[in-house]
Amino acid sequence: MPKPLHIGLIGSKFMGRTHSNAYLNVAKFFDLPRHPVMHTLAARNLEETQAFAQRWGWQHATDNWKEMVQNPDIDLVDIGTPNHVHRDQALAALDAGKHVACEKPLANTLDAAREMVQAAKKAKQSKTFVWFNYRRCPALALAHQLVKEGRLGRIYHVRGFYLQDWAGPDTPMLWRFQGAKAGSGSLGDLCAHSIDAARFVTGDEFSVVHGSVLKTFIKERTVLDGSAGGEISGRGARAKKSKKARSTVDDAVVFTAEMKSGALATFEATRLSTGDKNGNKLEIHGEHGAVKFDFERMTELEWYDNTLPEKLQGWSTINVSNGGAGHPYAEAWWPTAHAIGYEHGFINQAADMVKAIAGKKPLVPLPDFADAYITQRVLEAVTQSAKNRSSVKLSEIK
Amino acid sequence: MPKPLHIGLIGSKFMGRTHSNAYLNVAKFFDLPRHPVMHTLAARNLEETQAFAQRWGWQHATDNWKEMVQNPDIDLVDIGTPNHVHRDQALAALDAGKHVACEKPLANTLDAAREMVQAAKKAKQSKTFVWFNYRRCPALALAHQLVKEGRLGRIYHVRGFYLQDWAGPDTPMLWRFQGAKAGSGSLGDLCAHSIDAARFVTGDEFSVVHGSVLKTFIKERTVLDGSAGGEISGRGARAKKSKKARSTVDDAVVFTAEMKSGALATFEATRLSTGDKNGNKLEIHGEHGAVKFDFERMTELEWYDNTLPEKLQGWSTINVSNGGAGHPYAEAWWPTAHAIGYEHGFINQAADMVKAIAGKKPLVPLPDFADAYITQRVLEAVTQSAKNRSSVKLSEIK
Amino acid sequence: MPKPLHIGLIGSKFMGRTHSNAYLNVAKFFDLPRHPVMHTLAARNLEETQAFAQRWGWQHATDNWKEMVQNPDIDLVDIGTPNHVHRDQALAALDAGKHVACEKPLANTLDAAREMVQAAKKAKQSKTFVWFNYRRCPALALAHQLVKEGRLGRIYHVRGFYLQDWAGPDTPMLWRFQGAKAGSGSLGDLCAHSIDAARFVTGDEFSVVHGSVLKTFIKERTVLDGSAGGEISGRGARAKKSKKARSTVDDAVVFTAEMKSGALATFEATRLSTGDKNGNKLEIHGEHGAVKFDFERMTELEWYDNTLPEKLQGWSTINVSNGGAGHPYAEAWWPTAHAIGYEHGFINQAADMVKAIAGKKPLVPLPDFADAYITQRVLEAVTQSAKNRSSVKLSEIK
Amino acid sequence: MPKPLHIGLIGSKFMGRTHSNAYLNVAKFFDLPRHPVMHTLAARNLEETQAFAQRWGWQHATDNWKEMVQNPDIDLVDIGTPNHVHRDQALAALDAGKHVACEKPLANTLDAAREMVQAAKKAKQSKTFVWFNYRRCPALALAHQLVKEGRLGRIYHVRGFYLQDWAGPDTPMLWRFQGAKAGSGSLGDLCAHSIDAARFVTGDEFSVVHGSVLKTFIKERTVLDGSAGGEISGRGARAKKSKKARSTVDDAVVFTAEMKSGALATFEATRLSTGDKNGNKLEIHGEHGAVKFDFERMTELEWYDNTLPEKLQGWSTINVSNGGAGHPYAEAWWPTAHAIGYEHGFINQAADMVKAIAGKKPLVPLPDFADAYITQRVLEAVTQSAKNRSSVKLSEIK
């Protein structure tokens, strides 16, 4: 049994669950240089936190995250909380000398994100990570590898969509619709993933953002008086029908962009794309090849090889699950085409984080705070472009 | 303008229309060694025949096909009539020294088909053709080429389905449900196409048929007192609801088979596959590659290249419409991915028939009477296997 | 036989062929109030024009379109020429009292387009038409009907892509890359279709255009010294490899937009979307339903009914070919799922133009010059937004 | 914390892993009436068994399954071993008064299976289960529900395919190719799943089997001298190339069948369907609706509602992951379209087994020994039909 790696997790909602599941399963499937130990769970309501901890196998539970991050037994602090508290928790953990993993986006404001990057730089002994989990969806990881191997050549086009439809007029007021808590709506929640994925797969960076529109289609929503219902959508929640409150975030965002290489990009993220449930899509077209990804068919990567004899060219659906063929992360899991799912991106990331802490190289690049800050700057450029009705160069966002 | 080729067509229903359309358009798109002339249309009702002839540009109309086939001006007699009259019309035309094209299946009985083959053999100056039009659907023609080029290697599996759903309990009694007129139901109408397609694409022949079941799900249907409604389904027909008659054909047929090469095959044809409208499907798996075709997406061939690096293998959707790349028949038509449709298989066949009559080689093999007789023997084996509840070797069907 | 409608066509290239085919076939499939007669074909090279006319059945051929439009026998002048000559030809034909059909986009400049609209207004006895042929692709026509029936409700999102890939670095210099002849590249050639389709299907109009980028990825191309090769791509052309010339049009365009209803839209058109051959795509999401269309599977409309029981909701693939069910234009053609193709959009439009000239209502709205001018204004807004790096309101484009 | 349920598992290969994973995770996601405890793992090699047990969290490890099944602390014995030892292990466990879960197929011979059913009948206090895990794939469970709700009406057609391609000529000799160990090849390994799935979804039973062919395409395979490589395919195994041995199982099987209701069925299972990786497919067509399932897109069920207005009918792709909408098992997992995978079928079954032991009803029917024996009888009928080249009635198989 390798040396333990003691983990302290903050948060017990949706992300608390995905992270707990990752730590529970990671060492069953991966041979790791450190053995992850589920040491302490911290969340707001002590009773609920204890119940959650018991269910998932956390050894300790607390409602005091500040105390937890000081615990000398803990090696890695994992932040699975809403965006507006990332900064305080990360700074405290870094200050205490911990490795820090943080949910995406890095923060709710560019200033907070910048502080986090600076703190990470100073904390030389600490590794930082950001949970852009889709990088470890095997199909996106393969897309990254194909670009890196030069199989796409010069890139012409990037399309990044994140299309959901749970926020119709009947969906009640949730924290996700409150700007003060969420920072933004579809932009930070969904489009942040697309921006990171575009950067990850192309290996390219944004140069300029054009024509952003941030739209709130449903201006008022019914206020809940009880439980929040479903993890994302609040479905099933009990609501006082008479009371309404203003939604202060974007339901949808669109923009165009240019990459440093000259590639032309379009982005859209929305919670009102009726019929699309979790359409995290990325399409990249290069001179020699192209890829298309849609998380709704997450086991597949569409690949077009423009160098094959033209008579045989077509969009090829690769079932990215063949460990023997070298598909990313597939060796750890089941035989070919015995699908893995959403949660496995988190487990794969947990494996790579443990390896990185032990000084090993992750299979594909892991985003740290500095990397996630670049995505945060793109989010800021999108916001400014929408406000000013003009183009915004990334070089102007510090 | 090349030497004319005068055509006499018998039949003015569904197939009369597809054949007329083929002759009308073929010389617009193909450069042909003979110029097809729409000389005479023969059908039963003179008035209707004249109207049809005028609409489509036939120079003459008659209700006497026997006279027409004797007309010395006519070079090619095309038979677009129900199966039970193929024999008489073909024999007369061959006797008159004409080239003969005949709708599929060759005949309604094996005996009739055998007579036609023998007559064709004797008529040495005549070319014969059978309208297995799907051979000239570009995607199936490409599949044929891929097998011939050795790209599939040893073939393990063949699957031939022809799935339609228009014959539910509300569909009235049509000639297609009357054994005396139709010969058979789904077997001759649909499965004949699958059997021919399997032979065409694999270049292999059937060795033995097993486990046939011919099924009549809807035993009685409402008798029509008026027009027959839609070309296939009789939808919209006016029916006396009180009168019923027995359906004497198969609504569906299934069987398994072995090919001479040892390949294992399964076949199904049905008019009751709810949701499938024209699912003429063929799937062939070989050691080095595999193809899948579905006429409902007729412009596409699914191709799996088992010789590519395993990491990049996947089902590739070839849009079979790129003339510059050498896709079959595509040069004659529109730019890549400007789709052609059902009727174009007939136009492509008309082009190849004209070329064959002028002594040129068709792009892919054209079935003559002798070739279609092999398919007829398979149909017979299927019928016998169903009757005897046992396996039937093709060598036993003469 | 109804009263004839004599047609004079200008142009014998790609569009000359699609229009000729439309007039050849339209009366075979549709019962029309006027009988279209292929009277005269006008094009530049007399010899080639005569050969083309003979092949397709035009009664007369000329290299003098000005004379032709004065011919009192001709009822309808059809303009199938490059964009920069539309204005002169249309004005002359209207002046001569003819009905006028014109290829899209209406003109190469907004000024020219405006003159054409004004001339059309004055010519009260003339009907005008613009060949936005995709409106009569049955799946898009059905999408229009679904929106009109209220099945989508309030519209949130519009996505209009037109993705092709034939213009890689090896494609030689063609007239399509020359701004003086083509007006624009992907914008006028492809995106014009998307803009028209978005307007047609939603019934909505553009309010403001944001963030346009017009991109020329391949700045220089090899000059041809011989024939132009393939109709679109120039593939197969013989080129002097040493000589290069600058491409003066956009290879690709992207922009975002808002519609008058508040719907948010993104558009992209490109000739460099590797792997996409003719990806004319439109996606529209409303409160109660959504549709997705891709011309590469032109027989299908994806439909999402948000009012069904949630357990059974899914994207439904409608094979838009069932005449009995009321699918647009299907009654004229073959049985269900016996596919029609690209050319049939033109035939369907020819049918509706003949009906409109005879005073009958087309099945779905036919664009006249005034309607096409609205699309032209959107094209202008896109161009200005790209130039100024800012948002452009449609109300500012006169 | 509810009362514990102590589990003893036999087997530590592929199925040992899937079952261990199920017990590890089940109580994290489901609220269960008994708390599953991973008590003892039994397998052949003690050292490997101890390592496996430690990794997965089994409290004890042993190489003596006979002892283990006598352990009074254990409540449930789970048999995850090859088919030829199921009988002995199940009989011993039942004799010891345990609940018994057994991998599929029930046994390697009909006689062994019959003994197991008889023993289960006698052991009145014991519950038995068979791991037909695909019943708990949400899409198949939904298909079962749709049929049960009457949404398909009278069933016409059933198609059951299980298509894999890992057993090409380069795949070495594995236990799966040895009849003595495996009982059969594709028939018991793959087709057993299809037969069970057809019975499960239709609620119907087989009446007669026709035309079976059991085929061994690759007659000899290279013998391994070392490790067995990949779990299924032995890929990566080191082999002495010089030594060959005969494969004594079927690489593929096909047959047709009739169900008691009169529905017509075709089945195919193969390890040589090049390009198909785990194509466990089921298609069922009824008078009022139809479903299609393919495990390679396991989150989706294709559904055709023949009762909708015909104009809007199409194959609808239901993403079966919406807990709020009542999709089977979805409430336990992630938000809509955050996919689950292969392993979750086992976890879902573990949940239902625990519930069943506590006297609660499983969400969809759980197969016990008696139920799995019916599938075993169909396997026997297929084998006899292949041997005798004739039809075999199920009523003749006791």
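For this structure, a couple of remarks:
Order as written gives the chain letters A, B, C and D; numbering starts at 1 within each chain.
Operating definition for what follows: a contact is a pair of C-beta atoms (placed from the backbone, for glycine too) under 8 Å apart; a residue touches a chain by one contact, two chains touch by 3 or more.
It should be emphasised that the depicted structure is a prediction, and the values quoted were computed from it without experimental measurement.
In terms of C-beta pairs in contact, the better-connected of the chain pairs C-D and A-C is A-C. In this assembly, the chain whose C-alpha centre lies farthest from chain C is D. Between chain A and chain C the centroid-to-centroid distance comes to 41 Å (mean Cα coordinates, whole Å). A straight line joining the Cα centres of chain B and chain C is 35 Å long. In terms of their C-alpha centroids, the spacing between chain C and chain D amounts to 54 Å.
Along chain C, residues 313, 315, 319, 322, 324 each make contact with two or more other chains.
If you check the complex, the residues on chain C that touch chain B are 1, 14, 18, 20-21, 24-25, 27-28, 54-56, 166, 230-233, 235-236, 277-279, 295-299, 319, 321-324, 334-344. Interface of chain C with chain A (complex): residues 156-157, 159, 165, 168-169, 210-213, 215, 217, 251-252, 254-256, 258, 262, 264-266, 268, 270, 272-276, 285-290, 304, 306, 313, 315, 385, 389-391. Looking at the complex, you find that chain C touches chain D at residues 142, 300-301, 303, 305, 309-319, 322, 324-327.
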